[in-house]
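Two complexes, one shared chain (subunit A), two partners (subunit B, subunit C).
Let's look at the complex of A and B:
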């Protein structure tokens, strides 16, 4: 999964896709996730970082992470070769 | 560098909720760093807001509607030209373009330069010929049916799924969910714009547009894609944003290369969720959101003036994406004398 080249992410959580013209506001957690995905971090690394930083269990993280990934993919913020690839 | 003095006549000063491109075209020209521009505003109606905007036009003349006859319109332009010489004329209404294209040589003989599509280019992109156009130039277009009379409305259900778009030859478009709504739209459109009324397949997606300028040799001099962010109930953009979309630019450049398009144009496209593009309309002139392109780095009206004067213009390749425009309405207080002068004398 890769953030598309046309997407700009501001430090205040404003995400703009210059290909579609869509813009979104993400909360601080969403921003942190988006930035980690943009850096090319894989699922396990992101999971470990979140589990270490927040009071969170594996299952809740996975559920919320996949839901977030599906959402940003739907809005064409990310592209994946394989639709099941969240790594 | 000293600026070249030049007089440009512009129509379409109707900056209403269905705005003509005249005011933004003038604003773009006034941004020119090469020309010192004097503007002659040409108006059909005495209440076109551009007449009353301070600092916009140096002189205003009223002109007759093209429907009264091409000759009357061109005679009036020539009369204005004799009194106040025009270097370049930029017409901004679809409905007047034919008269100006037809009389391009006559105008040039008088010394008035234009840079308009050819009659062939203009006619083959007519909305009622869009399927043939799409096939000829390899662009996807929605299926359509031309209605010459109300009796044909019953044919729609055999050929399309509702909703459908009902469109006029020049302007107006309504979405219709059943034959009754088609009938209402048919009556509204045909009484205003004549026949045929066009039924177009409804393609679900996002409407995106490209403003472009072709040099008549197949080169794209300028092209900026935009998405409407805020649309009025007349379907007009009240806010928009420039996009970074290579596919839209490729479609535009291909079309201009194949058609050798001459002049300004606007491509109206629908982008589906699958990323396919359908051409729904080509406006054969500069659109009213032209100032966004100027703000993004491509001064299309200035380039058009240079082309009209026979100057070389290098293609503008870059623009800023993520630039936005937002329109606003503004009340101008006008003294009755000004209105009286334009109403009684046809000039101000």
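Let's look at the complex of A and C:
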């Protein structure tokens, strides 16, 4: 999963997708997550970073992470190079 | 290092459409307690989902309605609409406030009698009155509101057989400016059916005509319609006096006053658009007082309002079972109370509120727990992110939801009353398997495969 080339993310949580013309607001944790995904960090690394930083349990993070990923994929902010995610 | 508070990551699309003329509320309403009792402790003690009825609100709203009418009209009598909510504890509170009973079936009639209502203080409405029902009503000296000619002739026959006089009124339907006209109940005013029925009743030796009744519809948001209806009944009232030299005892304006719930498709919330009791009272009282009825012969004004009296007093407490993201990207959640408990969710956008302040509101769909596609409590509501187990409150569910609730797929929950002293009482027990086993018969119980 990678952030689409046409997407620009500002530091205050504004996301613009020039491919679709859509713009979005992400909240601070959403912004943090998007940036980590943009850096190419994998799920386990991101999870450990979040668990260390926030009052959070691993299952809640896992649910929220995958829901967020599904949403940004739905909005065409990310693309999956391998559609079946076989890696 | 101290950890930071976590907020669920969210993303929301910016829509540059036409802004709402009225805007959205900036602050999410929260209902943390009902009459000073925490929602969490109610659910802990009585389970979830849970119907809660506030005696305090019931009495306050009733007092407001009573004041609105009694300050405008000299003789007013409320009759509690049993079908709106006929739990004994609820009916008893209204009877304690001085209400008579308005019933629409033999079952409700028996319930009113069992609640200690004197038969002569029961208004018997509805299109379904069997010979046995009419016998019960005549023997108890009830006010029988005749719905159609077949009922009228059955009533004449029954009262003759009993050699007793039946006290009757007729239900009149009419064009009061509300469309479609409710013409399925009662006799029509404009085409002369009502006048024909009155003449037939006045000629029947076993019947005593005592009143006129109308019920122009439900959730009527135009109070002037009541003024039209009252004026038409006043005309009939005077016509009866002129022809038969007989003064009726009452005019019953029925119910149909809107509650503060918001109808589906409405542009503005119900609590801002529905007429107040004062507005209904002004329209009805004015029409009667300014009619040609002499002041000394003004009839008693009966009111059978149900929905507007009790809707605000009822709450349904519920718990979030799951959050789901639909294929369309839309947020949805599943709660443990479905449309089998919330009949009014088919025509209202019911108010669903969290019990504490939560962030990140997003347009969502709220589903009930039934494995049925129609189980949608709210199809579109801006709602904050919640976790499973979060407790929510659905407000204004006091009218019709309990009486029309359906046992389906799961058991119906406890109904709890919070009394004026802040004490809680179960007024209807949660169903269990025994509830059904007690009324089921199984002739195949001992069937064994050969």
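The rule is short, and it goes like this: the second predicted complex is superposed on the first by the 80 of 87 C-alpha atoms of A that agree within 3 Å, B and C clash if a C-alpha of one lies under 4 Å from a C-alpha of the other, contacts with A are read in each partner's own complex, and residues count from 1 in each chain.
By our rule, a contact is a pair of C-beta atoms (placed from the backbone, for glycine too) under 8 Å apart; a residue touches a chain by one contact, two chains touch by 3 or more.
It should be emphasised that the depicted structure is a prediction, and the values quoted were computed from it without experimental measurement.
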Simultaneous placement of subunit C and subunit B on subunit A, clash or fit: fit
Where the C-alpha centre of subunit A sits as vertex, the angle toward subunit B and subunit C in the overlay (nearest 10 degrees): 80
Which of subunit B and subunit C A:46 touches, first, second, both or neither: neither
Touched partner set for A:55, first subunit B, second subunit C, both or neither: second
Partner chain in contact with A:37 - subunit B first, subunit C second, else both or neither: neither
First (subunit B), second (subunit C), both or neither touched by A:19: first
Superposition-derived comparison: subunit B or subunit C, residues of subunit A touched: C
Which superposed partner A:6 touches (first subunit B, second subunit C, both, neither): first
Nearest Cα pair across subunit B and subunit C, whole Å: 6
Residues of subunit A that lie at the interface with subunit B and also at the interface with subunit C: none
In the complex, subunit A residues that touch subunit C: 15, 22-30, 32-34, 50, 52-56, 60, 63-65, 67-68, 70-72, 74-75, 77
Touching residues on subunit B, where the partner in the complex is subunit A: 206, 208, 226-227, 229, 241-245, 321-322
Of subunit A, residues touching subunit B in the complex: 6, 8, 16, 18-21
Residues on subunit C engaged by subunit A in the complex (per definition of touch): 3-14, 323, 325, 329, 359-360, 387
